[in-house]
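Below, each structure is written out as structure tokens.
There are two complexes below, and they share chain A, which is joined by chain B in the first and by chain C in the second.
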Partner chain A sequence: MKTLENILPKLVIAPGFLIGFAFIYGFMIWNGVLSVTGSRMLPNYSEFVGLDQYVQLWDMDRWWVALTNLGIFSVLYVGGSMALGMAMAIFLDQKVRFEGVLRTVYLYPMALSFIVTGTAWKWILNPSLGLEKLMHDLGWASFHFDWLVQSDMAIYCVVIAGVWQSAGFAMALSLAGLRGIDDNIIKAAQLDGASLPRIYWRIILPILRPVVFSTVLVLSHLSIKSFDLVMALTAGGPGYATDVPATFMYVMSFTRGQIGLGAASATMMLATVAAIVVPYLYSELRAKPHDR
Partner chain B sequence: MIAKHLPRALIYGILLIAAFFFLAPLYVMLVTSFKDAAQIRSGNLMSLPTSLNFDAWSLAWSSACTGVDCRGLKPYFYNSVIMAIPAVLISTAWGAINGYVLSLWKFKGSEVLFGFLLFGVFMPFQVVLLPMSQVLGFLGLSSSLGGLIAVHCVAGMAGTTLFFRNYYTAIPRELVNAARIDGAGFWRIFWRIVMPLSTPILMVTLIWQFTNIWNDFLFGVAFSGADSKPITVGLNNMANTSSSVKSYNVDMAAAVIAGLPTMLVYVLAGQYFVKGLTAGAVKG
Partner chain C sequence: MLKLSKLATAVAFVVAGSAAMAGEVEVLHYWTSGGEAKSVAELKKIMQAKGHTWKDFAVAGGGGDNAATVLKSRVVSGNPPSAAQIKGPAIQEWAAEGVLANLDGTAKAEKWDSLLPKVVADVMKYKGNYVAAPVNVHRVNWMWANAAVLQKAGVSSAPKTWDEFFVAAEKVKKMGLIAVAHGGQNWQDFTTFEDVVLGVGGSKFYNDALVKLDQKALTSATMTKSLETFRKIKGYTDPASPGRDWNLATAMVIQEKAAFQFMGDWAKGEFTAAGKVPGKDYICAATPGTANSYTFNVDSFAMFKLKDSGAQKAQGDLAAAIMGTDFQEIFNLNKGSIPVRLNMNMAKFDDCAKTSAKDFVDTAKTGGLVPSVAHGMAIKPAAEGAIKDAVSQFWNDDKISVADGVKNIAKAAMQ
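Presenting the complex of A and B:
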């Protein structure tokens, strides 16, 4: 009886963990295996091609476009959401009235799917009927805005919609962080004659560093995974001008019949996320041994 | 703090401009959905519809076309309901059990196991797409709602485990030890002590999982068949249908319909939603 009691907890979670680990690590390996085969329409495990798929991947213009877009998108999306979110949090933290209402308004996009917001933004950014027409009606006749259909500008439309969606999230985390700061620190700094921007820049921001860090981490991994928003807003177009690795992987694997290449691109995405997340997870779990 | 230096009006002005930026798309979606084609052409994004016209809504719900299929969003909406309810409940229950063991019944190596599981929260799901579609094929679950439910349960498990594990870590071990001395076993402690304390984290996890699963597009588009597409896929297909005349009013009504369930949850249980977001971000 005693032994059963001891192994029962392990027994209870074992099946779930086996399935979970098969899903995470088993599939990771499986995907890796696929990426070194010559699989096209169907997986073909007998045709080993070594790193050919990776060589081909890095030779493709389309992959480079996807990577460039990811770079532009990640930097502007993470930076924009962070800056806007932090600014809103600081202003909201000034004991304003209707704070609850404003917070609700800032954060609601996060509850919506990227497909929904992408559909809405596609209409707003529509070159002839959307924002452009609004500006014309307001009397700005020369206003011209057709980024959505311009190959070299469409990715910035994705950034606009992405920042709109995620700034509230950065705001919520920053506000939670700000609320945790002791008012006395700020009062003391003010007595010393420090100016307000200086207080925020030199005192508050450093205290918020862990919050900023985890927000940036979450937003960065979201940006690497971003798929829905691009699909809804531009479907990767015009042409493949707004492709990102996630849409590249999907198109290669499911519509172009290039499974091996798709798997190779997925491995590259995994490597990028792992490079960001693994050191973080490692330090988190090491630093706080939950030995209560 | 800023207050003494900046006029209040400026603070409120900035906050209101931000509120306008966040509300504008919702406003545009709503007003556009009540316009007819002529009003869309004659008006602009912000102009109010001249009359309340529900045609676009009924088209979007029951007869708009996605490709050759002209049944509106209704079947997709039901698919999402049928998919989300079991997937949310199973992944939540699964996470509760895992979290219970990983916090209150720790064993040698359980922290390491948890660390390895945690990577599943961040992993880009593109890596599992190809193997998963093969496994679903082996299991006979390809292109079915059953397959989507299974995928969401497994994919959500790492996240739900994280929520419950972090929450249960705060339950004093003494409580559990005392119950054990009184003869309560593993399950009895779970049901009689831990579960009654779990309402807040249950709310957070249920809302979090519902939002994720309802809003999912990647698994939906990769693994669903003709009759099992979730609402996000239905909406995307409808809005991206290349027909000669684009009905933006129908697209906007469809987008509102697709977003309505998560919006409702957000309005009704906003504080729990925020907790879920912050809990999901600050790990460890």
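Presenting the complex of A and C:
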């Protein structure tokens, strides 16, 4: 009886655990195996090529473009959303009228999928359909904004659409954090003669540190897995100028018949994520002295 | 198991004349634009008339990339459709994976060997056995023009050389219209590029550079000249072209917003669907400098190994129907291509198709008949994809110099 009581919880958990294990680690290992085979159109396990796929990958201009874009996008998307979201939260926190309405308006884009965002911005930014045409029709003939079709600027269009989507989310979290701050601290600072910007910079932002941290964490994982936004907005174009590793992997594996190469790029993405997550988990899981 | 299925196929053909062993055909294709969809509907009618059920499995996306992705997942999971639109070297790649059915039974009964040009039949075979049924022949090196726009711009006839073309394009641009309607996807960029290479270098150079991927040809002065011409065309397109589908570009020509489009003869299906008449409303001409050449693109359906005998029977009927005279005529009238079957009566076809059919036979003799790289008829997918990337990048980024463009393309060809 006693043993059953001990075993039962484990038995109940086991299937879920096994399935989770197979579908997470199993597929990671499978992907790793594929990346050292010469698989082209369909998986092919008989042809072992060692690290050839990785050599070929790092020799491709397109892969470098994808990596550079990921860097540009991640930094600007996370930074931009945070800065804009925080600014909106601070303004909303000034006890403005219609705050509820404004909050809903700002948060609304988060309710859309990236596909919708991408498609809508594709029209807005298209020089012969959207913003540029509107300005010309309104008589401002010298207005010029065609980043979407410029190879070297198109990635910033992805950033604009991404920030538009996520700034409201950053605002909501920041606002919740701001509301949680004890008014007395601020009043005390005001009595001491501190200016408002100084109060925000030296007192409020440091208190918000955990909120900022979790917002950044959520946004950065969104940015690494950004696939749908790029697909809907530019489809990786013009040419392959807005490719990111996720779209690169998709194209190689599924449309170009180079599954081995695609798997190698997926492994590199996994390694990138691991390089960020593992140190983080390590620092979190390590027992902290004052928690005891 | 294999023998059994062969036997079943054989039995299926014996009872072909007699009634009702109806099955289901599931056909994966990417013909979703107006003219194309009408063509598929004809095939569906023929199959339904034979008592089979038709399950349409259409995946949008002009180049067929999306369809290929869906197909792979279906085949890997052991549930292939009866037939899928696959063409060129990809047929051999699929056959090498051991998933395609043997169509020799149908082919013998219907005498395919005598009905098809050898160059086409060879593409349909793997190790001497038929594994796919050809549907049509497309000419890729076509230039489409709106007659009214040309008239207004004062261009008297379709330009025959690239120099003449730029003179005409300049006149159109001066009128404030778009000279070249272009859809900016990598296969469309490449369609224009291969037209330019063929026009500038001729068919021998085209074969050396783009089919044999000879490094000497790829880095030659002719290639430099081709890239310069290619870039000059970009100046006559509109800035909104990146990502545009080909049929939207065709619509721009139909609606008199643009003068020219470089696109294969499937574009004619769009003109036909819009009720336009060749020679009167629009002009079809070989792209500048390529009147004596013919870039071909043969669409075909590869048939997959199936277990169900009813479905196998339906599959055999489908293959026979595809090569049948009725379908070849109706389908190609709708789609804008020409029948792949030789000695067909071309009376019902328009002037563009008649020219195409004549040129197809003529260029096959003179050596001007070359496979289209943009449409997957010439080289392996990996090299094709890499070269398309390089060409698209050059087209879209004006900062890449012509010398670098040549270098990038030559490097991509070594994939």
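Definition applied: the second predicted complex is superposed on the first by the 278 of 292 C-alpha atoms of A that agree within 3 Å, B and C clash if a C-alpha of one lies under 4 Å from a C-alpha of the other, contacts with A are read in each partner's own complex, and residues count from 1 in each chain.
Keep this in mind: a residue touches a chain if its C-beta (ideal position, glycine included) is under 8 Å from a C-beta of that chain, and two chains touch if they have at least 3 such contacts.
What you see is a predicted model, and the numbers here were worked out from it, not measured in a lab.
**Q** On the A-aligned overlay, A:Ala235 touches which partner chain: chain B = first, chain C = second, or both, or neither?
**A** A:Ala235 sits against chain B and chain C alike.
**Q** Per the contact definition in the header, classify A:Val75: touching chain B only (first), chain C only (second), both, or neither.
**A** A:Val75 sits against neither chain B nor chain C.
**Q** One more residue to check, A:Ile185. First (chain B), second (chain C), both or neither?
**A** Neither chain B nor chain C is touched by A:Ile185.
**Q** When the two structures are laid over each other on chain A, which of chain B and chain C touches more residues of chain A?
**A** B
**Q** Quick one: classify A:Asp61 as touching chain B (first), chain C (second), both or neither.
**A** In the superposition, A:Asp61 contacts chain C only.
**Q** Can A:Ala83 be said to touch chain B (first), chain C (second), both, or neither?
**A** In the superposition, A:Ala83 contacts neither chain B nor chain C.
**Q** Going by the contact rule set out at the top, does A:Val116 touch chain B (first), chain C (second), both, or neither?
**A** A:Val116: touches chain B, not chain C.
**Q** Applying the touch criterion given at the start, work out whether A:Phe254 contacts chain B, chain C, both or neither, answering first, second, both or neither.
**A** Both partners.
**Q** What is the contact status of A:Leu18 with respect to chain B (first) and chain C (second): first, second, both, or neither?
**A** neither
**Q** Using the touch definition from the top, say if A:Met41 reaches chain B (first), chain C (second), both or neither.
**A** Only chain C; A:Met41 stays clear of chain B.
**Q** Shared contact residues on chain A for chain B and chain C?
**A** Looking at chain A, the two contact sets intersect at 43, 122, 126, 129, 235, 254.
**Q** Could you list, by residue number, the parts of chain B that touch chain A in their complex?
**A** Touch residues, chain B against chain A: 1-3, 5-6, 11-12, 14-15, 18-19, 21-26, 28-29, 32, 40-41, 44-47, 94, 97-98, 101-103, 105, 107, 111, 113-120, 122-132, 134, 154-155, 157-158, 169, 173, 185-186, 211, 214-218, 221-222, 232, 235-236, 239-240, 248, 251-252, 254-256, 258-259, 262-263, 265-267, 270, 273-274, 277-278, 280-284.
**Q** Which positions of chain A touch chain B when the two form their complex?
**A** 5, 8-10, 12-13, 16-17, 19-21, 23-28, 30-31, 34, 43, 84, 87-88, 90-96, 102-117, 119-124, 126, 129-131, 133-134, 136-137, 164, 167-169, 172-173, 176, 186, 190, 196, 199, 211, 214-215, 218, 221, 224-225, 227-228, 231-232, 235, 245-246, 249-250, 253-254, 259, 262-263, 265-267, 269-270, 273-274, 277-278, 281-282, 284-285, 287-290, 292
**Q** Quick one: which bits of chain C touch chain A in the complex? Just the residue numbers, please.
**A** 65-66, 68-69, 72, 75-76, 90, 93-94, 97, 184-186, 189, 238-243, 381-382, 385, 389, 392-397, 399, 408
**Q** Where on chain A is chain C touching in the complex?
**A** Touch list, chain A to chain C: 40-43, 61-62, 122, 126-129, 146, 148-149, 151-152, 234-235, 237-241, 251, 254-258.
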